[in-house]
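Before anything else, here is the set of structures, which you'll find just below.
Heads up, the next two complexes both have chain A, just with different partners, chain B and then chain C.
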Partner chain A sequence: MRFLARLAALLGMITALAAAASAQSGDGPLVVTVTEGNVDPFPIAITDFIGEDAESVETGADIARVVTNNLESSGLFAPVDQDAFIEDISNIDLRPRFADWRLVNASALLVGRVSVDEQGRLLVAFRLWDTAAEQQLLGMQFTSVPENWRRLAHKVSDAIYERLTGESGFFDTRIVYVSEGEGPEGEPTRRLVIMDQDGANPSFLTDRSYMALLPNYSPTNQQITYVSFRDLQATSYLYDLQTGRQEALFDGSNAAITGGGQSLSARFHPNGRELVMSVERRGRHDLYGFDLRTRALRQLTNNPSDDTEPTYSPDGEQIAFASNRSGQPQLYLMNADGSEQRRISFGEGRYTSPVWSPRGDLIAFIKQQGSMFSLGVMRADGSGEERILYDGYFVDTPAWSPNGRILLFTRGDYSANGTRYSIWSVDLGGFNLRRLPTQGAASDAAWSPLLD
Partner chain B sequence: MRAFASFIISLGLHLSLFASAFIYFPRAANELDSESVLVPIELVTLAEDTNIRAARPDPEPEPEPDIVQPPEPVVAEPEPEPEAEPEPVPLPPEEEAEPEPEPEPEAEPEPAPPEPEPEPEPERTAPEPRQREEQGLDLDALSSLVDRSRQQSAQNQPADEGETRQGAGAGTAMTATMSDLFRSQTARCWREPSDAPDPESLRVSVEVQLERDGSLGAAPRLVDANRVLGSSNSYLRLAGERAVRAVIECAPYAMPAGQYQQWRRITVNFEPSNR
Partner chain C sequence: MKLAPLAALAAFSLLVTACASRPDETPVVEETRDDEVVTDNRPAGPVPGSLDDFEQNAGDRVFFGLDRYDLDGASRETLRRQAAWLGQYPNARILIAGNADERGTREYNLALGARRANSVRDFLVSQGVDASRISTVSYGKERPSCMQSTEACWAQNRNGITVITSGAVS
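Now for the complex of A and B:
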């Protein structure tokens, strides 16, 4: 009897399977679910901006060149070679022949025009087209004095980047870094240099009479902090890049810092009006907040170990920092008032240099394990796996692009006559590794917010 | 007694074989017809279940779905002048960052061989004598990194791109379902937003109508277009645009003409994930 019961069960199962199979062939649309696509760079055709006179034509070609370089260097775009273009754009107010642009595999098309108005101001107008949907994605114009054509090109780049990636651009920005050289007597020099994000227009900010290190950019305006090092004394400075004025953050008026105290690595609050920094007193480092208007110093951590390298979350509510309170340096999180301190890194090795992403979701860090240095990111709440973006002989001082997509870092490479330092960028996926076009040895980059 | 048990087992097995032939095989016989259909892409046959051998670089050149359309006459439709004049960007003259004017000894002893760094911008005006690049890049280290990232990105390629193919199903044959057939052709053109902050929230669907030759019968329609394209989340707006673009750019589709009724209308769900 048992056999018969099993047989019945078997027959029932077969019937159910057949019923399920027949239920599948309905009359509705075929449903297809795509879960994996490509992450290839986006192909875009960038035509030379047209102009009425020879000068405008030249400027138009220059702008197209800067835009092309910007978009390509981001790693997210693949500009189509201009030699492949079929249609010659002569009027940006007419619909382009989309089929011509699809033929050269351009998913988007940028056309633009340069003109000069009666007051001698430069007028740059452009349209961005979707060649598949045959629709205009963006149409804008910018004006400025002719000398600013480069910044207009960066603004055009930012607008396109934002339209096609959904996040804000980072092209109309500047980067400050430390240029490493030698003085007349062979002594090492460390001077701050500022340049456009793409390496253009570099100039020195400090002279060689003292060492300038560790610049940090204000997220709201054209100010930096940096550490000057002279006579074995490290002092935090605030440098207003618009006025050229700089001031020591702690002069004789602040008894907490003077008297053997040293301050390091002051980073801005997202509001740009406060700083957080580590201060060394009596041989140990603690974290302090500092209000730039009231000059009030507020102690945030107080324990016998070293708490260093604080960095604010973009909402200003939390601070991440490095501390050796559990032996080796690890990363910690606390509320902005110093409460609820907790550890967030638990991997092997030394974790230092936390820097909070402007997007808020990630914290970049440097990890040292044995003789290997790594640049990595982890989720800001410490959950999930850390992700290593680069590792090498020496890696230090991560700095985020203002949109949180790219990281700059100092890279040291071994050579027979000492370590050579340069600044590199890498994207969040660990791809698109590029050397920042600095002159000579360079380290300690800081990235400005988008310019106004 | 033992013989009787064997008889019962034997009877049961025979009965079940008999019954399954009645219930299941008629449908399977139908499917066998479609299994003989050759599809001119890397997947060759259709079946109820996908079953694909994994493959390394596929020697067969992938048929390029060229979208050759007759060039449209240029409609001299004057577009409205760029409506958005975002802001008249009165860019201030560059006033920041003046280098400190300091007389400096011009001769900088440079120990390193003068290996001129290619100037990024020819027209740059140097405010001070520039140091030269002291040492070239470590090209070996760099290229090894590039290689590494190439390999990594190659691993990230979608399954059916031609160069590599992951196995699917039992991995013993070369068959695919109709939806896998379409998916493999769309996925190539889809730029997935896997690097957006919350990719799981960026799911969108597109309704597609196909002609018998695999070309688009009508412009693809984004499901819930108002919600997606009007969203305040720029990533979602973009996900909608990218889904439509993927369907357009990968047309025409190579599908078995005999089963046209099955794929005349397709709903494509684009479901990015965090990876």
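Now for the complex of A and C:
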């Protein structure tokens, strides 16, 4: 019963979120039930996955550790301390002693097994149990090469997350970010790093011979865009992470763009085949659509001010962007063909960096007011009130988790000799603020879609 | 609000050329080492037409107000000197780098830096410098001259810096 109650509470919260999300009409302020109280995280016992041989036993413990860290860091789960466990699981095909697990306050129990088949492939099987109802909630098996054990642990985590919350997970994903440092002569370096969502397996994507900024992930495949300085000015690049191939999207010789100006952060259409970005011509920045297959370039905005930071709605029909056409930067909305441009931010301060939620209902943004920076979300149509999720000395570059529940953002903390940059995550309710495990100064996170 | 930093900037823009990276420190005597004084037999002042000549006698940078890219009187004065210098050394080619302070978001600052670089470019062209000798770049907030977290430092980083890329006397 308790399990069901807790699950109901958890799902209730999610439902409240969804309700807030779907309430599109402008009847009063944005629903704030989500922010009014944090939901108790859901207690789950995660046992070490069992194995026949020493290597499998070790892998089993590693998998349990990764799953535990994933679920715990989501803020929605409270893994029970393994030292409290009473029953020692030796066979995952037998029913566990549910009373033992209820006694340690575990509402759900995860048991699993690691084995290696004749072809040398790793088999990871698991069962998720409801300890109150004494019923199996989930039973699955994943197979891969042994080196992929971490990814299997992430897939197990995603399956559990999805079963218990009703939302898709985000654990089998990667994050690209900018590592900030200094070269041998004190010159600033900005290098792209890719890592697993939990910080494992970090590796550099670019070297220090040029600055790389503002990566964005394709929603459909392993491609990113970013801004490269290798062409002696900021230039939008496409980087295929599977082949390692990079190409400049604009080299200034494109007939549609004269003046050889910079091209900034390119964001993907939800179909993954088109981009939208801000391109400079003699100081002024307009928005352009770019078709990756036909190489056709289409000018979408045309005014004397600076239109920057475009972001597609998940249905691909609209684009939000920042513009200083009213004097200081504010957020605007238009149809994907550039028609019906209209302002959607009217609060005090300067609004930049809009990023459309993959759920479609919200737009994240950065607000600068006086000496304070804030990360906020507003309804995509600009109605209702904005909700501030974090504020502090400096905030920039929001990036959504693929399920739209969590935002990554660049946070700058004051220090006398220059701001210290790091990447943090916060959930849609403004809770569960956590630092992303990066090495050194870090900024500009981009979050991949779920891997295949 | 906007006028105060501009006025302050005009006042120390000359000082900056001498100590670009650490403006808050007044030049101190002990930085001049004895051996340099003894062995340096060159005439006082930079070689005409050299990079040092440009930086010291024309001034290599102009400053902008918060979130602005228009040129004030002091900046136009500096750029007139730059244009005159470039008129004297017609083989020199220049890169104008637009910079922004760190108190703004990254992409917005790249756009702002491009605006500043183009303001400088347009003024130099209006003073007779051939546009083909000029290229521009925006570094946004990525290449600050001054690293301290102070308003004076941020004011210095809101600039347009003219770099002689070729054709200077060495």
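Everything below uses one rule, namely that the second predicted complex is superposed on the first by the 406 of 452 C-alpha atoms of A that agree within 3 Å, B and C clash if a C-alpha of one lies under 4 Å from a C-alpha of the other, contacts with A are read in each partner's own complex, and residues count from 1 in each chain.
Everything below uses one rule, namely that a contact is a pair of C-beta atoms (placed from the backbone, for glycine too) under 8 Å apart; a residue touches a chain by one contact, two chains touch by 3 or more.
This structure is a prediction, so every number in the text was calculated from the model and none was measured.
When the shared chain is aligned, chain B and chain C each come close enough to touch A:Ser415. In the superposed model, A:Ala322 makes contact with chain C only, not with chain B.
In the superposed model, A:Asp306 makes contact with chain C only, not with chain B.
In the overlay built on the shared chain, the residue A:Asp130 is in contact with chain B alone; chain C does not reach it. By the document's definition of touching, neither partner reaches A:Ser218: not chain B, not chain C. Put simply, more of the residues of chain A are touched by B, taking chain B and chain C as the two choices.
Contacts of A:Gln197 after superposition on the shared chain: neither chain B nor chain C is touched.
By the touch criterion defined above, A:Val227 reaches chain C but does not reach chain B. Touch criterion not met for A:Ser345: it reaches neither chain B nor chain C.
Legend: residue contacts after superposition of the two complexes on their common chain; A:Ser357 is shown touching neither chain B nor chain C. In the superposition on chain A, the residues of chain A contacting both chain B and chain C are 415, 417. By the touch rule above, chain C contacts chain A in their complex via residues 67, 69, 102-108, 110-112, 114-115, 117-119, 135-138, 140, 142-144, 147-149. Residues 3-4, 6-7, 10-11, 14-15, 17-18, 21-22, 28-40, 42, 93-95, 97-100, 102-103, 107, 125-127, 130, 132-133, 136, 139-145, 147-148, 151-152, 155, 159, 162, 164-167, 174, 179, 181-182, 184, 186, 194, 198-208, 222, 241-242, 244, 359, 361, 390, 392, 413, 415, 417, 420, 422, 428-433, 435, 437, 439-441 of chain A are the ones touching chain B in the complex. Put simply, chain A touches chain C in their complex at residues 187-188, 190, 211, 213-214, 227, 232-234, 261-262, 264-265, 278, 280, 282-285, 306, 308-309, 322, 328-329, 350, 352-353, 366, 368, 371, 394, 396-397, 410, 412, 414-419, 443-444. Those residues of chain B that touch chain A in the complex are listed here as 5, 8-9, 12, 15-16, 19-20, 23-24, 27, 48, 67-72, 74-79, 81-86, 88-91, 93-100, 102, 104-105, 107-111, 117, 120-121, 124, 126-128, 130-135, 137-138, 141-142, 145-146, 149, 152-153, 156-159, 161, 178-179, 182-183, 186-197, 207, 219, 234-235, 237-238, 241, 244-246, 248-249, 262-263, 265-273.
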